[in-house]
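What follows is a pair of complexes built around chain A, which joins chain B in one and chain C in the other.
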Partner chain A sequence: MGASHTRTEPNEFQDLMDKTGFSVEQIKNLRKRFLQLSGNEETISRENLDSIPALANNPLKKEIINAIFDKRNQHESEVGSFQEIGFEQFLMVMSHFRPPTLKTTPEEKEALRKEKLRFLFNMHDTDNDGTITLDEYRKVVEDLLSKSGAIEPATAKGIADAAMLEVASTNVPHMAPDEFYEGITFEHFEQILKGLEMETRMHIRFLDVGTATMRCGRSTS
Partner chain B sequence: MPSGTGSLHPAGTGRRLPERGLLLLVVLVLLEGSVLPLGAAGSPDVTPPEHGGGHKASDPGHNFTKKAFPVLSLDYHHIQLPFEIALWVLLASLMKLGFHLIPRLSSIVPESCLLIVVGLLVGGLIKLAGEEVPPLLDSKLFFLILLPPIILDAGYFLPIRPFMENLGTILMFAVVGTLWNAFFIGGLLYGVCQIQPEHSSLHAIELLPCLLFGSIISAVDPVAVLAVFEEIHINELLHILVFGESLLNDAVTVVLYHLFEEYTAAGTVTVVDCILGMISFLVVALGGVLVGAIYGFLAALTSRFTSHVRVIEPLFVFVYSYMAYLSAEMFHLSGIMALIACGAVMRPYMEANISHKSHTTIKYFLKMWSSVSETLIFIFLGVATVDGPHYWNWTFVTVTVVLCLVARVIGVVGLTFIINKFRIVKLTTKDQFIIAYGGLRGAIAFSLGFLLDSELFPMRKMFLTAIITVIFFTVFVQGMTIKPLVELLAVKKKQEAKRTINEEIHTQFLDHLLTGIEDICGHYGHHHWKDKLNRFNKKYVKKFLIAGERSKEPQLIAFYHKMEMKQAIELVESGGGVKMPAAVPSTVSMQNIQPKKPPAPKTGDRAMPALPKGREEEIRKILRSNLQRTRQRLRSYNRHTLVIDPFEDGLSDLLIKKHKMIELEKKIKQMNNYLTVPAAPPDSPTMCRARLASGRNTDFTPAQQQKGNRAGADPQAYSMKPESGSVPSIQVDLASPQSPDSVNVMDEFRRAKREEEDEEQGLMMKPPHGQSGPSKTGEPQKMTRCLSDPGPSADEEEDEPFLP
Partner chain C sequence: MELFFNPFDNLVCILLGISFTVWFTLLLVFIIVPAILGVSFGIRRLYMKTLLKIFEWATLRIERGAKENNHLLYKPYSNAIIAKEPTSLEQEIKEIRRSGSNRDLDSASEFEMSDIFYFARRGVASIMDDEVTKRFSAEELESWNLLTRSNNNFHYISLRLTVLWGLGLLIRYGFLLPLRVTLAFTGVGLLVFLTCVIGLLPNGRMKNLLSKKVHLMCYRICVRALTAIITYHDSENKPKNGGICVANHTSPIDVIILASDSCYAMVGQIHGGLMGVIQRSMVKACPHIWFERSEVKDRHLVAKRLSDHVEDKTKLPILIFPEGTCINNTSVMMFKKGSFEIGATVYPVAIKYDPRFGDAFWNSSKFGMVNYLLRMMSSWAIVCSVWYLPPMSREEGEDAVQFANRVKAAIARQGGLVDLLWDGGLKRGKVKETFKEEQQKLYSKMLVGTQEDRSRS
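Our next item is the complex of A and B:
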């Protein structure tokens, strides 16, 4: 706990800024929020997030919390999930939601897109076998509809099935009747969400986003 | 006249079809030219013809006993006005038709330009005939009749999501940008006028008229923007930015116009006036939105109760929005904003309440009206140009055009610089260029100019000339070059692909995810408030405005139903499921993605070729039960009750079913291979007969006789000749739950195919095909039923043999 004071120094953030691309102010803001959530602890636990009142109505609450504690979202090749995460891990997860800037090159944009899609894919692919199976997809749709009143389970199932069928038919147009489409691979996932322009949509406005984040990081260094 | 034909001809040389189209046009132009002179004499005033007509009518009354009863009499004045209106509309539509017959021409020149040219020609003809040109683009006609359909079309189909996401930017361009343009153009024009020599007419122009002129000329015109942008297929962001600006700047234009008009009359401006002007702007804009929202809300509420009188559903959309527009205009509020708000507010609730057919009707009516209006506006613009009193002043006109361009560029670049500080998705230089270049002026400016009082504004003629020049410049030069420029700059285009269900799922997923992440970050931003609003909407508003169960239906499910519906229709139209619609050109079926396949049906399927007889029996049984069920649900058709729409009844698992059908189709093909006879196409005459007789391979006449007791069993499956189109409709009248329209459409499709196939193998059909026939009837049969009235409980059992 004493360490938290030394961590708040700007040059301590330098490392985090390089890693995540956030600006000092954004990191400070997130740090404040992090401490608020954890009750001034160094780490944050599932219970801490569970108790956020605004999340209570979110149909994807469980998925979101899982994603935050997912080791796959730490830009490292680890798998599994944390029980508790520190501020750095928290920032890493949040960095998936950074918007592209005017200076982002097309290649960077493509990478950003892949990264964002990977985040979504990981949210669906709960068992980390590289494919989203029909059961996993059904679960997602069910959760998605869970807060919209009484929905017959068959409807959710139907939607998931239709969606799966669509993926299968766009990616593997010709299948023999006895072939089996195991699930959505990341490539297929990328393919079907091509139209969504993830790189420009999957972001939130972190406070103080006005100063383009990457540039800010460099100018202070 | 020869000049008209001469200028139209080169484009279509050497082509039959275009030439025929052109011939039509020329004939029409001739007709127009010859009829209008007749009518033009009386057209400025409506009363004389009526008077004359009355006079004529009273004459025979006096001489009643003496004169013979006139067998044929000519009374043109009696019908003059509606006849001329109809003629103009016909001319407009035929012109539109004509241009699209010449693909080469319409790919180079935007339609709007061509229409203006046509207008110029027609106007020229009228002038040549020495007649008075009717005041076609008169402000009343324009603002009360021609403009609303276009705006309603735009408002009702406004892509809300991108619009709301970019609302800040749009408002910035619409309000600040238009203000900047108005004052920059007005101010500099005044400056230019002042440096002219003393004796010139320009020197006498004061500042206020200049500003008024600036405010008229600075507004980007939605009609022109729509006409051009629809052809260049630019990406959604740019489209909504330019188009949104053109819609929302209406409030600014209205206020500035009235403000300056008022001040010009009064002569002085005080600070208080400026403040009042600003307040007036807020009132005009927000008042317009409020009026529109109220009417939209009322329309939504009304549509909640229309389920018994489906035929008038579409009318509510039109009438309520028109009332909103008129009410707003009554208070000099922004009618355009009211229409947009009305359309946008009512649409989600309307769509949930009304039937699928009504929705299609609304769509087509709006598109039809708006495109006719648009065509007329451009033609009238041309006519008015020829007609209008002109005063050409080189300095004034050139300076205006240059200032318009400069002001637009500076405005866009300057505003983007500020906006980009707040935007997450920044506007690139290319985007800025297109936004600046897309700032087309149009008929609204002209109509406003036309509205000016010539006593108050002695330079009205010059203003009108300048306005027309700017319109022509933007529509012709910018409108024609923007397409090549878009391609040259490789600006991102709109994706043509339809929305897939995966995209829809992930759009929703993303919404919730981002809201969740925002909540975790403790930052209540855009997504947070949107989520709150959505929840409020779902909890209270929807319940109040949407009838029945559908109020609780989440967006995703609604989307899913819509998609199913579309595919089901495509499937039926494509003829029963063998040929899949292009949307899903694959052989992948549910079987391929089903994780665990229960063995029973599978082995059954596999064994099918070996025992086709038993299988066939089974299928036949299912079909019979189907028929019975269908018949139970039959209802009589009457003019005021449209058929129960499948869309409302919820096609919960139609898509899956459809795939099952395809699968079945495949299996039948396999089976046919084993039977060693060529597979009969499902639409062949044999199949039809088989379908009709449901198993018994009867021939034509018995089938017809049987119709009595089998009435409505399969109305769409039976028609041999195009002339027999009435047969299915008669059946429908008896019992079918489908409307004659839909049946006829399906028949059209089937008939076309059947005739082809008739030629190929009409006589080769032998009884053996009958064996596979009944099994095939399953597909269309089932489709018909699903389309008309799906019963979930019934479907479940019937589907079991094929796939659980």
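Our next item is the complex of A and C:
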């Protein structure tokens, strides 16, 4: 479905608008961006995303790119990951970062929140077994911390273990010393981040250009 | 029967003959002779003013038409898709943590799960929009210059406007394009022919003088072939012999624009085909620096040839574009330090194109050279300003990179362009691993630093 787009017409945008919740303006802008990233092709592959310099700076780059190609983030029941994605799938992933508008009802807000949490959970849970194990968690922490020596691997491991222990203690308060903690399930994850204000922290504000002011005559640049 | 047709045929032949003669005479008198002499009738400036008035009228018309029909008006392309948060890493992570737990944390102490948010969000934001990638696509206009190629958002607004556009199309492709192509061929042909002739002369003052005149003349014809209306500022700072002229690069036309005002020695790789013929004939008349493809990689060889050239004070100043690739004329990207290591005086030049008349940026991944030239020749005009900046030299204790950045800042300031630290080579290559580690170091310093505080207290 993704690879057969030619010229998108207004009614096709309507379909995308309903699915992802973006406005026409935002979809058009993202489409321009998509074409720029893909080099005017209809699909984006991982190599296209590798070429963004600001992303290269980000220690979670690998996880983010995996999240974009992750089938779980398409809200269908498939698992695994894509090799390339089309514009619709791109929009679906980006819609996780859409802010709520004034018209969003409390139920919709709750659903949005759950979606964002799910996105983050998927980022940690790389083998898709429904739990974030200690190893998976440690991997993410190590990526965040420097490989260049400011923190030794032992310290990184220590930090990850401590964080994991804290999580375990909040969820399974009376764990016996030899009990094996399986991992963080999605419900635990939600529990931990319950108070966190997702709405303002996990979204990206789209600039809304108002009605045009045409400037005639000499520009001042 | 025959008698009937003959006078008619004759008439047609005579008419054709007359029109060709008139055409060529006009061409000669109004374009080629002034190019040879270096004077100007001012026709192009008049043309430019007329065009501006027409564009203003067209834009007002569109605005009015859109209001009447309640159409969605074309919105100026905002330079960013998303709003960037100006807060620093530490501050934002503290805020995330504060909103998550009710504990009042004074410092970002332990690692928390919510720290992931900051990086995830930043990462996705940079996928949506980033500073560097958008420099490599053409700048979008705010008003319409009657070329559909400059934006595709204009719907049919009124009959008058469509007629105007159609008329414009006719004029551009039917009249201007053939005229310009003729001129281009004339200019290039004359250049090749005359430089070969001059090459036969013995080396000396006469040869240098003649070669300068010939080069200037042919470049002026080429300038008219593009209908380029150039304003030169501060000509007292024109580059002198033994110096290096550096400029920001937007398209291959930059060379023609600069070389039609002053004589330079060009630097470049030898190509095959027509370009190669032109290069080889140019070097007969006066010394240019052309490299074989294999020599380009050898930095020492390149540096040596450049420094040999600047030491010889009889040779012309070298023209170099240190960005290494074409940028879309809204910013200046990193200057490669090679030309700044040589130690000669640097004459910076800023070139700024006026985007209202035609987009001069060469997007080499989108268009080939011939395609690009055809687009240039079928636009209305190319209007640009050239500023000659005062000469700069490397100061004590300054290394080549700092010197290059100083020159870049001066050019960006004069031309009204954004000064960016990024490398133009990112158009094709990747970022180095060292940049990624910076972010990681920052984050881990934050964690480790506070651990130490706690263990001390």
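Here is the rule we go by: the second predicted complex is superposed on the first by the 196 of 221 C-alpha atoms of A that agree within 3 Å, B and C clash if a C-alpha of one lies under 4 Å from a C-alpha of the other, contacts with A are read in each partner's own complex, and residues count from 1 in each chain.
Everything that follows uses one rule, which is that a residue touches a chain if its C-beta (ideal position, glycine included) is under 8 Å from a C-beta of that chain, and two chains touch if they have at least 3 such contacts.
Bear in mind that the values here come from a model prediction, so they are computed numbers and not experimental data.
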Problem - Partner chain(s) touched by A:50 [first = chain B, second = chain C, both, neither] - result: second
Exercise for the section: In the overlay, answer first, second, both or neither for which of chain B and chain C A:97 touches. Expected result: both
Practice task
Considering only touches as defined above, state whether A:79 meets chain B (first), chain C (second), both or neither.
Solution key: neither
Exercise for the section: Considering only touches as defined above, state whether A:33 meets chain B (first), chain C (second), both or neither. Expected result: both
Exercise for the section: Once the structures are superposed on A, label A:169 by its partner contacts, choosing first (chain B), second (chain C), both or neither. Expected result: first
Exercise for the section: Have a look at where A:111 lands relative to chain B and chain C in the superposition and call it first, second, both or neither. Expected result: neither
Practice task
May I ask you to decide whether A:134 touches chain B, chain C, both, or neither, giving the answer as first, second, both or neither?
Solution key: first
Exercise for the section: Considering only touches as defined above, state whether A:154 meets chain B (first), chain C (second), both or neither. Expected result: first
Exercise for the section: Could you list which residues of chain A make contact with chain B in one structure and with chain C in the other? Expected result: 29-30, 33, 36-37, 49, 52, 54-55, 57-61, 63-64, 68, 94, 97, 120, 123, 140-141, 144-145, 148, 150-151, 155, 159, 162-163, 167, 192-193, 195-196, 200-207, 209
Handout entry: Residue ranges of chain A touching chain C (in the complex, touch as defined)
Key = 25, 29-30, 33, 36-37, 39-40, 49-61, 63-64, 67-68, 94, 97, 120, 123-124, 140-141, 143-148, 150-151, 155, 159-160, 162-163, 167, 192-193, 195-197, 200-207, 209, 211-217, 219, 221
Problem - Touching residues on chain A, where the partner in the complex is chain B - result: 29-30, 33, 36-37, 49, 52, 54-55, 57-61, 63-64, 68, 94, 97, 99-102, 120, 123, 133-135, 140-141, 144-145, 148-152, 154-155, 158-159, 161-170, 172-181, 192-193, 195-196, 200-207, 209-210
Exercise for the section: Report the residues of chain C in contact with chain A in the complex, numbered from low to high. Expected result: 55-56, 59-60, 62-63, 73-76, 78, 80-83, 95-96, 99-102, 110-117, 119-134, 137, 142-143, 356, 365-366, 416, 422, 426, 430-431, 435-441, 443-445, 447-448
Completion exercise
Contacts from chain B onto chain A in the complex sit at residues 420-422, 424-426, 428, 495, 497, 499-503, 505-510, 512-523, 525-528, 531, 535, 538, 552, 554, 556-557, 560, 563-564, 584-595, 652-653, 655-656, 659, 663, 666
